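This report concerns only the one structure given below.
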Amino acid sequence: MKTGPKKQVGVIGAGACGEYVKNLAEKVGREIARRGAVLICGGLGGVMEAAACGAKRGGGVTLGVLPGSRREDANPWIDVAVLSGLGHARNALIAQSADALIAVDGEYGTLSEIALGLKMGKPVIVLESRWEIEGVHRAKTPEEAVELAFRLMKEI
Amino acid sequence: MKTGPKKQVGVIGAGACGEYVKNLAEKVGREIARRGAVLICGGLGGVMEAAACGAKRGGGVTLGVLPGSRREDANPWIDVAVLSGLGHARNALIAQSADALIAVDGEYGTLSEIALGLKMGKPVIVLESRWEIEGVHRAKTPEEAVELAFRLMKEI
Amino acid sequence: MKTGPKKQVGVIGAGACGEYVKNLAEKVGREIARRGAVLICGGLGGVMEAAACGAKRGGGVTLGVLPGSRREDANPWIDVAVLSGLGHARNALIAQSADALIAVDGEYGTLSEIALGLKMGKPVIVLESRWEIEGVHRAKTPEEAVELAFRLMKEI
Amino acid sequence: MKTGPKKQVGVIGAGACGEYVKNLAEKVGREIARRGAVLICGGLGGVMEAAACGAKRGGGVTLGVLPGSRREDANPWIDVAVLSGLGHARNALIAQSADALIAVDGEYGTLSEIALGLKMGKPVIVLESRWEIEGVHRAKTPEEAVELAFRLMKEI
């Protein structure tokens, strides 16, 4: 039963997004689950929901770290919900709890998580990112993003 | 696959405890898992470890919300670890994320979680508690504590 | 200009209270200011407002650590406002930032701060407290409470 | 005595910096104080210390929101210290508590604060910034940065 900790991969992105980005996030989530890691996200809609949906379709476990305090704000693919009540400060918890972060597109909230992840020394992989931030790894496909994340994560 | 959110029950208590208290916590964790809820705890030793161990033996899922930022501080029965980095402020996240709280004995940290749970309007059940706090529910056995928690939780 | 850090004393209590308790809190705040310490409180009404009002009347400086993110929620006696956005988790910041804590009456939120203060090894003085918690110091008057706080605080 | 809330301006930047950046931060802090606003910063060294020093030289009040829990980590120019114990999550409190943010150069932590400030709808002014982030206002001198901050802040 005691199998050692699973790796935890964070997927970050905006709470609302178009079909193209949603599709990328879903594939990222599915691939994370297929490789046996827990998916961490912010628990809301958009990229967070698509990634969690993908992870569940891939047979994985999903954690949502929500900004608020209501369970009903979690998207329906969240297995375990942390109702942080911390507002934007919860972004730091996602970055800290992930062994690697994958950003899919994203807005200012995502940028804050990218920056926090880099500050904490985590591997940060970006897909379709508009910003030029030194230290991030650019991927061209969801598969490449997850491949990079697993290659760059520290052994636990 | 989409089965609706599971209930989440928090088990709180000291990071170091004797065999008698450890045994109570283990039974509480096992019973929570047996009834299909996610176990939430602080992720460290003592009551937290015993409850998580019980939950895994009962076939459940365990969430640890740790005060620090190191995965290796989690006890070996934690499936999903939130590395909050928040120190004592993480106590509020445990209270907020739980649909009900069960305190097994406990020190000052536990008392803060009992108080926060009551402030948030959560059912709080205590086993072997030294304090007289209005609003808590006293149980005499682990089974009674979990029975009370499930009876008093709001429907999600 | 550089005069070394001032001591910081936290006054904790409910957000709504009667005249008797308000009067005690006002005297506590005034005495803290008279002795040259910064007053820390939760920044809202009731005991927090009365203590801050007393501190300003005593010529002191007041810090409010608010649970929300709106400046207009601060009571009018707050000089410096931290808009934590952390909800109940902000209680830990008040306990951590104070060199000593004085509780005036209080509800569950106050109890959580008393417990956190004790957990952090801070001197905790209570006036008109309903709970029996080992480790707190009981005072009979505002003057005695502040006298005790200053005697028990660690030298910075 | 009751004069209405003062404006609060955050100065953000790295905990270690060269003389040129330090000099800019000191001038920013002094100008903020001269205009009657409270200076908010992270309370540590580098840009934070230089800005706080400038604010004290300008006759102002300084608030430091520290990541840790030790008063002695605050730089000597901090009047009021919030010992958050939140680690990197404290960055959100600085952004939330400021009516406007001025970034002087900076590393990843600063970038996270810029992003959080923009997410929260605060005016964000940058001096010597290496990143191209839509929505920030670039200033060429400390005086211009503070001038912009005051022009763009919402009336309280």
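By letter and in written order, the chains are A, B, C and D; residue numbering begins at 1 in each of them.
Everything that follows uses one rule, which is that contacts are C-beta pairs under 8 Å (C-beta built on N, C-alpha and C of every residue); 3 or more make two chains touch, one makes a residue touch a chain.
The shown structure was predicted, so the numbers you read here are calculated from the model rather than taken from an experiment.
> Going only through chains that touch each other, what is the minimum step count from chain A to chain C?
The fewest steps needed to get from chain A to chain C is 1.
> Taking each chain's centre as the mean of its C-alpha atoms, which one ends up farthest from the centre of chain C?
A
> Provide the C-alpha centroid distance between chain A and chain D, rounded to the nearest whole angstrom.
Distance between chain centres, rounded to whole Å: 30 Å.
> Can you compute the centre-to-centre distance for chain B and chain D, using the mean CA position of each chain? Integer Å is fine.
39
> Could you check chain A for residues that touch two or more other chains and list them?
Answer for chain A, listing residues that touch two or more other chains: 69, 84-89, 92-93, 96, 120.
> Under the definition above, what is the set of chain C residues touching chain A in their complex?
Touch list, chain C to chain A: 69, 84-89.
> Touching chain D in the complex: which residues of chain A?
Touching chain D from chain A are residues 86-93, 95-96, 107-109, 111-113, 115-116, 118-120, 131-133, 135.
> Would you pull the chain B residues touching chain A in the complex into a rising list?
Spelled out, the residues of chain B in touch with chain A are 1-2, 4-6, 8, 38, 56-57, 61, 63, 65, 69, 71-72, 74, 76-86, 92-93, 96-97, 99, 120, 156.
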